[in-house]
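Chain nomenclature is as follows: A, B, C and D, assigned in order of appearance, with residue numbering initiated at 1 for each chain independently.
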Amino acid sequence: MNAAPGAAADAKETARIEAFSDGVFAIAITLLVLDLKVPRGMAEGRDLLAALVGQWPAYLAFVTSFATIGIMWINHHRMFTLIGRTDDGLLVLNGLLLLGVTFVPFPTGVMAEYIPRAAGRVAAAVYSGTYVVIAVFFNLLWWYAAHYKRLLMSAADRAVVQAITRGYSIGPLCYALALGLAFVSVAASLVLNLALAIFWALPSQNPLVKKGEAP
Amino acid sequence: MNAAPGAAADAKETARIEAFSDGVFAIAITLLVLDLKVPRGMAEGRDLLAALVGQWPAYLAFVTSFATIGIMWINHHRMFTLIGRTDDGLLVLNGLLLLGVTFVPFPTGVMAEYIPRAAGRVAAAVYSGTYVVIAVFFNLLWWYAAHYKRLLMSAADRAVVQAITRGYSIGPLCYALALGLAFVSVAASLVLNLALAIFWALPSQNPLVKKGEAP
Amino acid sequence: MNAAPGAAADAKETARIEAFSDGVFAIAITLLVLDLKVPRGMAEGRDLLAALVGQWPAYLAFVTSFATIGIMWINHHRMFTLIGRTDDGLLVLNGLLLLGVTFVPFPTGVMAEYIPRAAGRVAAAVYSGTYVVIAVFFNLLWWYAAHYKRLLMSAADRAVVQAITRGYSIGPLCYALALGLAFVSVAASLVLNLALAIFWALPSQNPLVKKGEAP
Amino acid sequence: MNAAPGAAADAKETARIEAFSDGVFAIAITLLVLDLKVPRGMAEGRDLLAALVGQWPAYLAFVTSFATIGIMWINHHRMFTLIGRTDDGLLVLNGLLLLGVTFVPFPTGVMAEYIPRAAGRVAAAVYSGTYVVIAVFFNLLWWYAAHYKRLLMSAADRAVVQAITRGYSIGPLCYALALGLAFVSVAASLVLNLALAIFWALPSQNPLVKKGEAP
């Protein structure tokens, strides 16, 4: 019933890479909670409340990392709706991306610990720096797959592919801006990181969505 | 063979969101065990036994959170049996719900640490407060999907949809009651949380189940 | 093409419960490694080696729990190859079983900490006691599903079903024996736990396997 | 439509073992981040930066273990593309392999802690020693499945099977070499471990890939 038996095997292979990647995204996003520490030894309710409220940088780091890994997952999935087959280069580049994603809980913990202190700028720079690297890995993965439509489905629309290439290439620049901002204002750097995740979640920013909505 | 080729793609998209969400639910429910701490430095068997028994608030918190995440998973699944397609709004609202679910191990740890102490009321209030927020996210997700049956399958029964809307809207109120109870009696607040999970697991409380049992 | 459209929906439901359960088994079995602690502050290589070797009870606990969760996963899967549909009772009883499985890393950590100490007997008793409870949950789940073949596939062989019922009913007794042995000899209790996992992994002990090998 | 109804059941069984194994690989690879510790109590930004940079052995251990578990996942998957059915022996041997994989975060933590210290050689030897054992388990699994093509798909090419057998048999020797190198130079031992993961990721080293690329 299938004209190209190889196409089914290709789809199975890309589905398996996607399923493994989904697992890594889901675990990394859920491990973020381990960066939140239960305050110990509070005698009274008001002490506990003050300690919990005083941990606001940790909650902010938790929410920002959650939103960022979440938007990465969405984009990874959107990318794979266009990728029709895999090869070893894609496996390796996807592995680099996942290496970055599994690393996120560490700079999140650093930022949660140091935001309100003198070392906060370094912490925020390390945090945004991690996202610069991940955004570069994202672009490498996409460029590799999309170059001359090497691994894309034949039905992939050229205009959509180019729009994605343009869209993704802005990512590293945005996070580099957040990295620079860290040395001016830790708060501004963090707000930019969170704003980026929210902005990229908006459908109007995503060419794939527009295409998806077309009949 | 498929009258609407878009329907198959829609089903694949909702299935993937559901699979990712299932992964997050499964990981969050399993991470709860990390809130249980091995007592250190007990010299004799009876000391160890006393220390283990003395940790009963931690076990109670573990079981209550397990039951609550479990019932959330069941309800999330039931909800998605009626949802026929997805869009970016649903992705974002589902992300908010998962943010709440991955957060649960933290207030569980707070409660496990502080139940038997003076700060127990604040801990129990934070715990129930988390569930108030998650229950609100649940309602947002459902309202968004069910409004004018925006994202529901066309076969979804209007009476069932309305019954779910009514049923879910009670959730935030119940958890708000548990939150208020925390300031009267920590034990009563906890028992209410556990009772809610058990109550919602009963089939007679769930319109979706009744529908599912109809031929 | 399907004579019974409900059968496909039933199969999808049981598949989803199985997938969620598989996720919980996989996470619980992987979290066991967190019970192994890196020795701190060893000055010389021989100190580190001695500290690592001195942690043998932790490795033994790790391997025993890994083997036990592994055999539970296999048995859970075998059980679900016979279960053809689900209901809320099955969901709740399966949830109880998973509650037990996610709990395992805690008594494993207790045993790893206390085996070579005076409190080792209590630790080993708590460890085996956990398995007694899980084995009871296993039997409840199976009895519920198999009673008058309530939820079994119509093709399920009555002799196989009875053999499983007999086989599972021995589980709680075996673990109760290990619990009792803990007060005589911690080592004997542990060896029995490990031996049980290995014994149940042998194909000749499992009626489902024999059936599976029949043409 | 299926000539051999048993083949479909066999494929379902092997798919489920593969899915469970994938889950364990994904969790183990993501738990590695817990070996990275947030430096505590740094007063100034430059102290934090120095502390983060000073943790380079931990990052090296993280990346090496990530790459090694990643390449194991790829090889496990490639192996299962040739395995057509399962039995209890395969389940047990696959369980042994997963036991090794879930253990990896522990020697990774030991190495991260001790590389720059006097005990670094023992740490690096334990690390490579873990991979020797896992590589042996890999060979056992493959020999068991491939012996007289016991569990392989009938379509599996004999030349490909023999090439894999040869390729895998080198694994334990390579890691044993890294183990020995640890006593000469910790750095050389680590670099060899990382180099092995990268080398095995290259498509030209993998007979299965060549076969996969054939039309």
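In this section, contacts are C-beta pairs under 8 Å (C-beta built on N, C-alpha and C of every residue); 3 or more make two chains touch, one makes a residue touch a chain.
What you see is a predicted model, and the numbers here were worked out from it, not measured in a lab.
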Note the shortest touch-path length, in steps, from chain A to chain C. 2
Between chain C and chain D, two copies of one chain sequence, what rotation angle (nearest 5 degrees) aligns their Cα atoms? 90
Using mean CA coordinates as chain centres, what's the chain B-chain C distance in Å? 25
Please report how many Å separate the Cα centroid of chain B from that of chain D, as a whole number. 36
Where chain C touches two or more other chains, by residue: 19, 23, 27, 31, 34
Among line, ring, star, complete and other, which best matches the way these chains touch? ring
What residues on chain A touch chain B, complex-wise? 19, 22-23, 25-27, 29-34, 36, 38-40, 42-49, 52, 62-63, 66-67, 70, 73-74, 77, 201-203, 206, 209, 215
Would you tell me which residues of chain C are touching chain B in their complex? 6, 16, 19-20, 23-24, 27-28, 31, 34, 87-88, 91-92, 95, 98-99, 102-106, 109-110, 112-114, 117-123, 126
